[in-house]
């Protein structure tokens, strides 16, 4: 599973992209967030308040109950500010 | 007093512009319309139905109760269709 | 700024001129009206239009366009406005009108631009003759234009 | 059509391309967003912005912009649509974004163009860092943008 971080989440995690292999019980976004937060203090800080974080699975917006599986591209980022 | 006609009103009157000197009792647009209609069958046809005619006095839209006097520029035309 | 002219205009050059050197502008909204090749609401229902001629009331046109522009600048905080309207003979595909509004904020730019064209449509003294295979005829004002302009009243 | 690019674009040329040869178009509405030289709501209150850098999510950006464009074309009868968004480093006065919609009818062109920028603002994965005298900071999303986008829901 590929995980991407954008904007200030990338700064906090310290990397923009990583390949991860969470255990099988990590089957939705919420569980993935909880598991990622255990990987480093940077991950924990970036994902501390999910109210200010948006997520996408395979390039579509997804809520925390969205399923995730091996091979997915998952991304975390702040609310968008383009235009 | 200068009177101008535009679009199909000009076609009906047969001229685009004329200098007129109505009698002193013609003191508002409504009276001017009544007086102009006596000038020719073309005038009468153009000004027959004032519901489909707009008027301006000195280049501002004006209602039939708007005063008119010597030296004014008065115009009659259909609802506008620019843009 | 307002302009009434027979010649064509270049929307890109006008846009560049309107924003040049003003870094307080966050957004610019522009509308360009073109001569369609059919009359009425839908191509299938309408007669083919071979061209049109726009008549106007010189003097009053400029006066009314300036009043409409001033009203837009009174209602919204704008960094620039532009209205260009052509007259004379035009062919299908030709540009007729351009309205534009620039502002620090996109919503003001959109609202002002929309207001400019809606008011122009019902207040600026222009009249169209359409040239069709069946002959020439004066275009009739549409009630829907009055309704759209009415949104901005009050 | 959508484009995500580092290079600048020419609004006049894009407008000409969008309308070329299509005489069913009665109106085209275009919005261009520019880099302002101040942050926040008013020049007097904001810090001076020396430039900004736009980051985006390659792949998802194109996917979301295409979805927004498709939604506009589903909602209104349009003859053409265009969305261009830049990324990378930009200076005050630089163009950031262009959205445009062409239609037989001016109201459809306006509504679709307005919809395109409102939805883009809340759905396209771009993030701005502003460079100011006080340092760099990530621009925060504005609740007002959510409100404006919400007009088009349902």
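Letters are used for the chains, namely A, B, C and D, taken in the order the chains are written, and counting of residues starts over at 1 for each.
One rule holds in what follows: a contact is a pair of C-beta atoms (placed from the backbone, for glycine too) under 8 Å apart; a residue touches a chain by one contact, two chains touch by 3 or more.
Computed from a prediction, not measured in an experiment: that's the story for all the values here.
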| item | value |
| --- | --- |
| Minimum number of chain-to-chain touching steps separating subunit A from subunit C | 2 |
| Chain centre separation (subunit A, subunit B; CA means) in Å | 73 |
| Gap in Å, rounded to a whole number, between the CA centres of subunit D and subunit A | 26 |
| Cα-centroid distance, subunit B relative to subunit D, in whole angstrom | 48 |
| Where subunit B touches two or more other chains at once, by residue number | 83 |
| Set of subunit C residues in contact with two or more other chains | 33, 106, 117 |
| Every chain pair meeting the contact rule | A-D, B-C, C-D |
| Subunit C-touching residues of subunit D, taken from the complex the two chains share | 10-13, 15-16, 19, 21-38, 41-43, 92-93, 104-107, 109-110, 113-114, 117, 148 |
| Subunit D-facing residues of subunit A, complex | 4, 6-8, 56, 59-61, 75, 77-83 |
| Footprint of subunit B on subunit C - complex, ascending | 33, 54-57, 59-60, 63-64, 85, 96-97, 117, 120-129, 138-141 |
